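Labels run A, B, C, D, E and F following the written order; every chain starts at residue 1.
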Amino acid sequence: MIDTLLPTPDLWSAKRVLCIQPHYDDNDIAAAGTIARLVAQGSEIIYATVTNDLMGVVAGFTDDDAARVALKRDQAAAAAILGIHPQQYWLDYPDAGAYDYFAVRRDLLALIRRLRPDFVLTCDPWLTYEGHRDHIQTGLATSEAVMFAGLTRIASSDPQADAAYDPRHQISGIGFYFTREPNVIVDITSTWSQKEAALRCYHAQFDADGLDELVTAFYHKSIQVAAGHSFAHGEPLKILHPSALHCGI
Amino acid sequence: MIDTLLPTPDLWSAKRVLCIQPHYDDNDIAAAGTIARLVAQGSEIIYATVTNDLMGVVAGFTDDDAARVALKRDQAAAAAILGIHPQQYWLDYPDAGAYDYFAVRRDLLALIRRLRPDFVLTCDPWLTYEGHRDHIQTGLATSEAVMFAGLTRIASSDPQADAAYDPRHQISGIGFYFTREPNVIVDITSTWSQKEAALRCYHAQFDADGLDELVTAFYHKSIQVAAGHSFAHGEPLKILHPSALHCGI
Amino acid sequence: MIDTLLPTPDLWSAKRVLCIQPHYDDNDIAAAGTIARLVAQGSEIIYATVTNDLMGVVAGFTDDDAARVALKRDQAAAAAILGIHPQQYWLDYPDAGAYDYFAVRRDLLALIRRLRPDFVLTCDPWLTYEGHRDHIQTGLATSEAVMFAGLTRIASSDPQADAAYDPRHQISGIGFYFTREPNVIVDITSTWSQKEAALRCYHAQFDADGLDELVTAFYHKSIQVAAGHSFAHGEPLKILHPSALHCGI
Amino acid sequence: MIDTLLPTPDLWSAKRVLCIQPHYDDNDIAAAGTIARLVAQGSEIIYATVTNDLMGVVAGFTDDDAARVALKRDQAAAAAILGIHPQQYWLDYPDAGAYDYFAVRRDLLALIRRLRPDFVLTCDPWLTYEGHRDHIQTGLATSEAVMFAGLTRIASSDPQADAAYDPRHQISGIGFYFTREPNVIVDITSTWSQKEAALRCYHAQFDADGLDELVTAFYHKSIQVAAGHSFAHGEPLKILHPSALHCGI
Amino acid sequence: MIDTLLPTPDLWSAKRVLCIQPHYDDNDIAAAGTIARLVAQGSEIIYATVTNDLMGVVAGFTDDDAARVALKRDQAAAAAILGIHPQQYWLDYPDAGAYDYFAVRRDLLALIRRLRPDFVLTCDPWLTYEGHRDHIQTGLATSEAVMFAGLTRIASSDPQADAAYDPRHQISGIGFYFTREPNVIVDITSTWSQKEAALRCYHAQFDADGLDELVTAFYHKSIQVAAGHSFAHGEPLKILHPSALHCGI
Amino acid sequence: MIDTLLPTPDLWSAKRVLCIQPHYDDNDIAAAGTIARLVAQGSEIIYATVTNDLMGVVAGFTDDDAARVALKRDQAAAAAILGIHPQQYWLDYPDAGAYDYFAVRRDLLALIRRLRPDFVLTCDPWLTYEGHRDHIQTGLATSEAVMFAGLTRIASSDPQADAAYDPRHQISGIGFYFTREPNVIVDITSTWSQKEAALRCYHAQFDADGLDELVTAFYHKSIQVAAGHSFAHGEPLKILHPSALHCGI
């Protein structure tokens, strides 16, 4: 397996991190410990959720509008625990649905040109044995949006964002979570309790037993990935220079 | 490479195995030895074929209807050798064609809700260097159908199956064949001769030389994958808990 | 990781190599050193470019027609340096655009049936962390076109090519460049200077600084992949028998 | 031009009318006068809006969430004037966007099976010189949803609606507004002022001048279509028996 | 309304008529009387059915395979009554489903190149207020297949048909049934009883009451369209020269 | 049939007319007489061709590049005869192919925002019995591009065009040619000979007999549509205010 020649970008120097997730809880399930550390050191964190997340809501919601309110309330509660300014975008594509890849890509390109993050986090679409199409589409569309942000011939879905965009804007790194091939294991020992508290906010998708299982699973995962390191709990990331997303350089 | 934390489900405890293949011979080429052992221990085996398999039929068929009859006759003959009750479903998507992924996924979801298998076998869509789109689509659609079977907000293509479905139904495992990354090598030494006989039924896709080549290739493959084991012939499987299909847990 | 049982085809015995690239410079960036060696030993080389490459052209082109002329001029100049007969096909799909996968596949099938190469080179669509959809689509469509060339029930986009095709034509190998999992590292020490000169022709996509960066990056990459070999500069290829593109055999 | 043999269904006997519009103001622009009369005689009226209507909002909305709130406030205000119980559904497809026709059709089928209207109103997709694709898609998808509601083999997007559906439910008529070929001109003389007041609620899409133009245009249209009738103001409808939507019977 | 300048082709001089229908009974419902007259005068009649017709089958079929058998039995029985040689093709696209328009067009182009009819019948896709998408797609795809048969650069789905095709083959006319704008009313007084008997074969889609309604509806339709003619029962057709399908010439 | 209330825009006051055609000869076949009159009075005329027109080229072109050159040479020759400044755009979508409607719409939107015509001509997509999908798609996409040009939230394919666009730009009218429902018959008696000479330039699509047939057909058509008028030769147009493209106003 040949590795990239490019040095791994330094996540901790990020000033504004755009975290693009397929569903409303993926950022936190995968990376709340890392995000809490970024908040603590002063990085600005922004969440964007690609789907409307309506397929997985637990029983008891009689209509979609009630579910939407609950989803946003959960996300805000978790954000408060992590110390994130509640700037959260929803693209509202149908959960587990047949949306157009290019529409997502255009929307993410607009978001990147408007918000101009210097770091982007998302799920790893090359995770073998990830079956959920929303994850694969989100990861791929984010990758292309990061690569194409500076190619000003490529239109986003928002002409105002395109017109106002300064192509000197640079993204210094992209970090993939839910990865089998991490090059960075973030030490989250000090923020695990915050992560657990954040995960326990996601009531719309998990009943009480479901939340216990979720927390337990990722507790053990955090120990598994920390193996061989000097800390107890970790989150695995594949962090790449944007140029490493093309031609294997 | 980080592995799943979840234990490998036990294929041998499966009561009803739904084997979803892109073309009419894939289940047997990949896993006839395993399937013969499942039959021998009393598991019920059901086959579903996603495409109509009409592009690869050998010369001599002057029309598609004759080809369809021959394809089903081959499959029934192979099933008889393996001892499979001839319950075989065809979804009839065009072989090597431009069908809709979501339509396949809905049909597979309907099949799973109707038949309620406790184990599903299919081809591994993450097999690097697998070029056939039918295989990639079948493996991905099966994975999502397994993950979504219990999410009763997601419609299948069959309202009667959805209405009658009992969401307490659980799939205990999914096994991927044609995999480069097996976690189980099934000992098929005792069933190899059955497998060879079953493969030799597939006349509609292979002439005599073709059948010899097919059998020879998979004979040697069965020896390759058994290397380091105490048996002579093996079939490689990647067997996962359905929850391992999401987020790399 | 289980490997193919089939022997690696011998690229150096190739008489006619069809090099199918997503963008106008990928063949040369990835494999100009190899191609120059093939030319030197008498292999015929033909280039096909899938997209129109209009999204990445540098500032200064006021309209698309001027850009098209410049793109073809660059490609011809590089070809002259490598000694390639200037037989170059463009499929003209929109760069980074929403084209139909099956249309590309049909066009590539037509090209293969018309030109009857005995070897095909293209980019590796299974390259993990390759984000550019054009690369993934090109690699996958080429793989299926190679697999399906002899299946004469499958139509290409060109009935005349289909009618004239002799199904005894055989492709002996497919080579994937931009790969993380090479099985052949080609010694390009003797042709590196030709490669550098060819890359320096691609003015329409790179300004002077960009060309320097490009050459520097692939100079270092050529050293990285040669590590452990007896030569200084290499190009990595995954070379497979066409039958190895199916079922992991 | 051959006409249908089937008698025109009686709109005034409708008990529950589902009014399916592409954008948030189409029902009222086209048919508020008719709807006000239906309300007055005791028919229940329900609105469904197919798109999210975000492309046409007037300047001044700095983000989409503020626009969504304004759109719903406008619609509720107009509903209050017409006396409609504020039961309003939004399908949230992207305004003027590339959504999937079949997804819309499945959602409308779910809505019809859940709500069981005996009459459906929508825009006429066969209106020659209607250029807006949202209108064409909405009218066609509604037509098929009306035709297919009782075909219980066809799945909607909501398994619970499908399971609970009583196929004895009958839709007695479908009325198309924005039509060039009306068979009914509804006398809206008595409800014109209500219609005008309702239209003047739609601030998110029209500034003050725009509202004046809108009201003026449809004031004159209401006179045009009443020509030859004994009343001053009319709304044109093409009202058909659902069976008249097939084969020209 | 400007009419075509081209003379109306003479249906009665047709030697081989390919009748392309969306569902298995449309040819007969619309045109069995005309077809019986064509058979009587010696024209060869061939049926092609675009969809698999599985959505509308009446209750009582427990699985799709039983339904397929019943559908073909019905069609053969009706064909026997009309005197049609039972040469019947099924393209098997999913009834009321999301199939690819271009795949249908390619299949119809293959059928036309293989069978070389001099006349084609199909449903009128420009029938205003026809809501069934299968009808619109079938009529449009047939129109393009008729127009493009002689354009030998356009591939069908069958390379063998393309290779063997003689481009001197000419289609003299296309007739659209289910039309609101007929230019020919065929006198079917003498064949009405055959038509009724043929319609009464379609048990898989209609129960006894349904068949009575169907026959009654088209009985009255045949009288309606005959109004002003010297005969009692008619079938309306729009018959056009293939060149009249382009640019309104 | 209810007509629009809006007055018919005056084509003769147009300063810059963008003529959007599906194939390279449609503008001239339909409207060369009108265009020659517009040129004579000083209107600027610009042509845009949506497809690459490669399917209909006559025998004798051995490759696509030769065909492209011939197509552009024909178009330039015809333009010279009509006195058109040779500003001609090609969007290069595949002739008779499976391109994406929304990509065409975005490209046309970019063209309109860049060129800012005050009048647009195109083919009528509502022409009943027009079978060619390229015509239907072109007419519909042009209609939406005209309607949406001023909606600056809707992105075109060209961010630079979007950024530079002045939304005060107004299109005063859209004219549809190849229409069965004209509201204007342009007197082309004085420009017929120019039209004939222009049509006789289109050698790449017509052999000598074909050109004779083409000219003869449209000669007679020009007489047919002039019937009842005081002139000998006419071209039919449906000219509408852009607002008449929505809701039948």
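As a convention for this text, a contact is a pair of C-beta atoms (placed from the backbone, for glycine too) under 8 Å apart; a residue touches a chain by one contact, two chains touch by 3 or more.
Bear in mind that the values here come from a model prediction, so they are computed numbers and not experimental data.
Q: Which other chains touch chain C while also touching chain E?
A: Intersection of chain C and chain E contact lists gives B, F.
Q: Which chains lie in contact with each of chain B and chain E?
A: Joint contacts, listed by label: C, D.
Q: Centre-to-centre on C-alpha atoms, which chain is most distant from chain D?
A: For chain D, the chain whose C-alpha mean is farthest off is C.
Q: Determine how many degrees of rotation, between 0 and 180 and to the nearest 5, align the Cα atoms of chain C with the equivalent atoms in chain D.
A: A turn of 180 degrees brings the C-alpha atoms of chain C onto chain D.
Q: How far is the middle of chain A from the middle of chain C, if each middle is the mean of its Cα atoms, in Å?
A: 34
Q: Find the geometric centre of each of chain A and chain F from their Cα atoms only, then give the gap between the two centres in Å, rounded to an integer.
A: So the centroids are 47 Å from each other.
Q: Any chance you could list the residues of chain B touching two or more other chains?
A: 98, 102, 153-154, 181, in rising order.
Q: Determine which chains touch and list them pairwise.
A: In this structure, the chains touch in these pairs: A-B, A-C, A-D, A-F, B-C, B-D, B-E, C-E, C-F, D-E, D-F, E-F.
Q: Would you mind writing out the residues of chain E in touch with chain B in their complex?
A: Going by the criterion above, the answer is residues 52, 92, 94, 97-100, 102-103.
Q: Which stretch or stretches of chain B touch chain A in the complex?
A: Its residues touching chain A are 1-2, 4-5, 102, 126, 140, 143-144, 146-148, 151, 153-154, 181, 238, 240, 244-249.
Q: So in the complex, the part of chain C that touches chain A is made up of which residues?
A: 26, 29-30, 54-57, 96, 98, 123, 127-133, 135, 178-182, 217-218, 220-221, 224-225, 236
Q: Write out the stretch or stretches of chain D touching chain B in their complex.
A: 106, 152-160, 162-163, 165
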